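Shared chain: subunit A. Partners: subunit B in the first complex, subunit C in the second.
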Partner chain A sequence: MTQLNTPVARVSDPGHRPTPPPSVPRRRRPIRGTRRAFWLFVSPFFLGLLIFSIIALFWGFYLSFTRAVATITPTDFVGFDNYVSLLTDPSFLSSLLSFTVFAVLVVPTTLIVSLVLAMLVANLPVARAFFRSVFFLPTAFSYVIASLIWKLGIFSGSTSSVANSVLSSLGLPTVDAWLTQSPYYWVVIVSVRLWLQVGFYMLLFIAGLQRIPETLYEAAAIDGLSRGPRRFFSITWPQLRPTTAAVMLLLLVAAFQAFDEFYNLVRTIPSVRPPLLYIYNLSFQQLDYGKGSAGAFVVTAIVVLVALLQSRFFGFGAADETKAPRRGARKGRAS
Partner chain B sequence: MSVVGNPVRRRVELTFRYAVLIVLALLFLMPLYVMVKTAVSQPEDVTSKTFVWWPANPNWGKFAEIFADERFGQSLVTSAIMAVSMTVGQIIIGALAGYGLARIPNRASKPLLALTVTMLLIPSATTFLPNYLIVSWLGWTESLQGIVIPTLFTAFNVFLFRQFFISFPRELEEAGKLDGLGYIGTFVRVVLPNSLAFAAALTVLGFLGAWNAFLWPLVVAGTGFGALTVQVYLSSFITAQTFDYTGLFAAGFLASIPVLLVFILLQRWLLRGVAETGLGGA
Partner chain C sequence: MTSPKRRKLAITAALLSASALLISGCSSGAGGGADGPITQFYHQYGEDGVQDAVNRWADDYKDAKIDLQWVEGDYAQRVNALLASGRGVDLFEYNAINVEAARQGQYADMTDIVEPVKDDILPIALKPVTIDGKYYGIPMITDAQLFVYRPSMFKEAGVEVPKTWDELVEAAKKLTNADHKGLFLGNDGGAGILAANLPPAAPGGIINDENTKVSLDSPQLADALTSAHDLYDSGSLLMGAPTDWWDPTSFIAGDVAISWQGLWAIPALKKALGDDVGAFAVPALEGGQPIVGVSQWNEMVAGKSGKIEKAKEIAKKQWIDDTDWQIEFSTKYGFHIPPLKSAREQAKSLGDGIAKDIVDLTTEYGWTGGPYYTPAMSTALTDAVNRIVVEGADAKSELAAAQTTMQGMLDALQ
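After this line comes the complex of A and B, so read on.
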């Protein structure tokens, strides 16, 4: 769940929220040792942040302009060579393509499945907690364990494996090599991520559904709109918009950072190598830290750009009360 | 969800819904069934040409047998030390900084908060290379401190704790101060005991993430013996050609017991953790 941390945090980004002025308590005499206490509390974090994030980032940035092969203290400044060689490297471009295919497959699937699960579970009269737990349970497992089950269990290619048994019982031809043939490997890769993360997004959707005022449904019922797809599209879906936008952003950022399942399932197949695996190979197999750093910055830039663009187009940032009126206005125009 | 409609139709609808849910629940539990089934399978079950629902003669001893490989037991211990120290460290450092930013007046707190929020924007997974440079410069590769220490300073926790302490009832703190407690005393005696639920939610979430971490331990320690976590160790068998399938599944199941226990025993906190972190603005 670590990889979720950064994007999740952005959901409640306070960037534009007016920070309560730190001087508020000054109305009374400042307590003795206030300054010392402040630094005592915050310095462990900010010292660590300085060393392990800020210096690290500047160092990586510097390396991206040097020839740094098998060394982290290079002396050979090469300007933009690493960036040029990266952006003209067919395998980097194909890694961006891999990501695009992956995102196109995994984002809508996870979104739809988690929304359907949420709608099935949300107002269940009996055993709601049970079903919610069952769908949420997989999120506790690691990508390594799930990859193990998927690769050597469900999709092992043997005729006695679950996937092939299902196929043959349906009278369909079995697949011997799920992980080396396109498009079969996409089935494996997408389903493993779906299993692992859909429960988390289901929880977000359940919370979103619970925020929809019951009066809206009552009003719709009076208007003769009591059931079915029309009710869904005229009330539920528009009301869920902030949740949907957040989930989409989280899914997209998470997909961009996909590494574990690709590493464990299809590491040897060059045609499915997402950006992070490409950077990993560059840095830790070819030991090219310079080009690897350039790759890390390009990928970071793309992730941040995608996040910003999406927040612009989808009116994301619901936590941001200060902007709420404007967002409402924008939504109004769109509809 | 339907508020109106005739009762018969509603009952049919509900029955259908439960049927769908039961099928889906079985589908979601199927991978765990496959894991346990394969773990206790005999060699002839594995090579069988047809699907076996359950081995005729389950080999439960497999779960003990795999400890013959000392490195497996060691990797479990390494993972436990790593996950616990990461989680505890992140919570302590995050709570301290969050409280400082939320409650102790200082001119620096505004720019420091802005810095923290900026760090939230940087995708964590793409910083593994710059972080590795520092670890390597410190000479910490293939060591537990190399894996743990750089992860302790998460802007995410600081930010969440700050948000939490901002809305902490001031009256409680005032009472502490009247009793002559300073900032540290107030924090330890008054604020912390009243923040345990929030801290527990973040701890549970953090532990799952730490126990399941893969990319960072792989980068820092590789598959060498220095600090081999159980995830990295098992991965080395998945990606190589392996022959002891059943042993690998047994190991996978044992490596999942901590997260299963957390899920079963502490699910309340886990759900709260998701609510605190994921639902903030969704």
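After this line comes the complex of A and C, so read on.
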């Protein structure tokens, strides 16, 4: 422990500059001092962050109060007109409804499927790493390519598509309007996102499961609770509460940022247009950067509000995380 | 000896300068300034040979050095960003002219070089480049979109080429059997195609010639869109094809008897089907006019370029004076209509068969919304048509709501 409390020796101390041996010719002045090295390495990133994120953010905020059509240096200040126009536009309100439906469908589905997968994988006696990788692999897949596979191969609407072949084999009528009619397009959109992101949330749940102290299960076993749903709902589920809250928040934010699959699958269908697609059309098709920026800030405000509400009701980030010693937790164990 | 404080300041300044140089280097190429080569932009054409051809033309042009940029990805976004910033581009092709951008001076006025030849240009081709009575571009290539059909399937089903919208709906139903569907209007069920092409065939069109009034209130249009919903539900439409309407694969494979199609597909159709392919315009709704949808690329000059006159000289040479180049560009790689009469009349591949029929139909019935029919208006109308055709919403109320929304947008442009 003494060793841990000792300050780590500096690689290069500004207060102590070793003199190079006289026989070695001095070709280039070495960079000395951790502070200088820090700024040397950090400044390109920081400058990029400043220009492309921070200035862009403030610039966007300024644009949202101006009439900025086809220009990013407007002079016509319009106050809250862009915000009022946006919040009274039925198309924007409809896009918020689309998002709500999408979130209601995709958040619980992904949460349940990823939790079930995590528990199955965590309990595997063999090949755990293999299955973890198999389920995680789609996370690395492009949303655009996955959307095209869903559109052209699985839900193409032709009788030979995967979905219609399955329906035919079950004796059910085939569907040719997978991408144009509700509720079919929700099946396509939710399933592609589920496939793409379930592996990532499965990993989060596996990590959560591994943090549950083994002693809790041992104590429960002594009290006669060794398996079954009761053990899950009495121990695993409450212990996973911080992970579940984090997963829900991440899923909601990701749902709000949904764009790629909607753009590639159903961009012409007004009843399923999410907020980001609406804002994209405003900004980059109609060149209305002012209203588009206002839309971006409205969506951001909603995301922040949702995060705060969720934090209040579900306790994400609250101080009720398990205080059990982590080093004691062994490999994941779930009912 | 330099003090540590001064040295620190010098290093910080050097780092900031290096980063700024890096960033400015990323943001644009040359172009925009008064010196150096003319930067000319093209979007990525799908046909083989186009890139080599435009490079060759640029190399052969001796009066100025042309720095040619072949842009992959979202072309309009890139060009819009450069036009707004005023640097990086001098000469560019474009198909999304914006009224506000023109009024802000982002495009150079090209009236002086277009006016002398305007009578030689396809009548509809000037509409997309005309704002406030000025011409902001030279039409480069015109593409026509209309219905193509299989005469053999028509003969087999005893169907004549439709002259009215109702006849087209009936034909689609009659032509549907176990082997093929009657009509292909796109995998979205036709809302996009119908929104763009049915209202112009109704009395009043979408926007009047003065660009001041939106007209979507004709009962003929409401009735036609209501019948389009019946058509959608009838099972006569091809939907869920592996590729969308712009690819002729499904039509060539015999999956459908009538398809919405573009001029670019004609060589493939002729090669695969020989004479078993014909074309017809969107039938007029009662009191309206038949139409052929027209889209177009135009050559334009950046309004904030430091080399406007030089860029205009190149544009004139390439897209007005060089007839051989216009014929080559339109017909050798892809298949387009040269907007200039001189080139159109000399283009042999447009001189007979279905290609000639389409050129004649386009000359007579060509229609395009023009810059005042903005993407926002198009989205409002397409959304309304989608709700009518796909969801079965009431046509009159949807069209009335779309008209109010679009009129507000049009008024904002006055």
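Of note:
Note that in this section the second predicted complex is superposed on the first by the 275 of 335 C-alpha atoms of A that agree within 3 Å, B and C clash if a C-alpha of one lies under 4 Å from a C-alpha of the other, contacts with A are read in each partner's own complex, and residues count from 1 in each chain.
Assume a contact is a pair of C-beta atoms (placed from the backbone, for glycine too) under 8 Å apart; a residue touches a chain by one contact, two chains touch by 3 or more.
What you see is a predicted model, and the numbers here were worked out from it, not measured in a lab.
By the touch criterion stated above, A:Pro270 is placed in contact with subunit C alone, subunit B being left untouched. Look at A:Phe131: by the touch rule set out above, it reaches subunit B but stays clear of subunit C. In the superposition on chain A, A:Gly157 makes contact with subunit C only, while subunit B stays out of contact range. Of the two partner chains placed by the overlay, only subunit B lies in contact with A:Asn123; subunit C stays clear of it.
Judged by the touch definition given at the top, the superposed model places A:Val69 against subunit C, while subunit B stays out of reach. Looking at the shared chain after the overlay, A:Ile51 reaches both subunit B and subunit C.
Of the two partner chains, subunit C is the only one touched by A:Trp178; subunit B is not.
Shared interface residues of subunit A (contacting subunit B in one complex, subunit C in the other): 39-40, 44, 48, 51, 72-73, 152, 161, 284.
Only residues 36, 39-40, 43-44, 47-48, 51, 69-73, 91, 152, 155-158, 161, 176-181, 268-271, 281-282, 284-288 of subunit A touch subunit C when the two sit together in their complex. By the touch criterion given at the top, residues 8, 11-12, 15-16, 19-20, 22-23, 74, 76-77, 80, 84-85, 98, 100-101, 104, 106, 187-189, 191-192, 239-243, 374-376, 379-380, 382-383, 386-387, 390-391 of subunit C touch subunit A in their complex. The residues of subunit A lying in touch with subunit B in their complex are 1-15, 19-20, 22-26, 30-35, 37-42, 44-46, 48-49, 51-53, 55-57, 59-60, 63, 72-73, 117, 119-125, 131, 133-154, 159-162, 165, 195, 200, 203-204, 207-208, 214, 217-218, 221, 226-227, 242-243, 246-247, 250, 253, 256-257, 259-260, 263-264, 267, 276, 279-280, 283-284, 289, 292-293, 296-297, 299-300, 303-304, 307, 317-320.
Put simply, subunit B touches subunit A in their complex at residues 1-5, 14, 17, 20-21, 24-25, 28-32, 34-35, 38, 48-52, 93-94, 96-97, 99-101, 104-110, 112-113, 115-117, 119-134, 136-137, 149-150, 152-156, 158-160, 163, 166, 177, 182-184, 187, 205, 208-215, 218-219, 231-232, 234-235, 238-239, 242, 245, 248-249, 252, 255-256, 259-260, 262-263, 267, 270-271, 274-275, 277-282.
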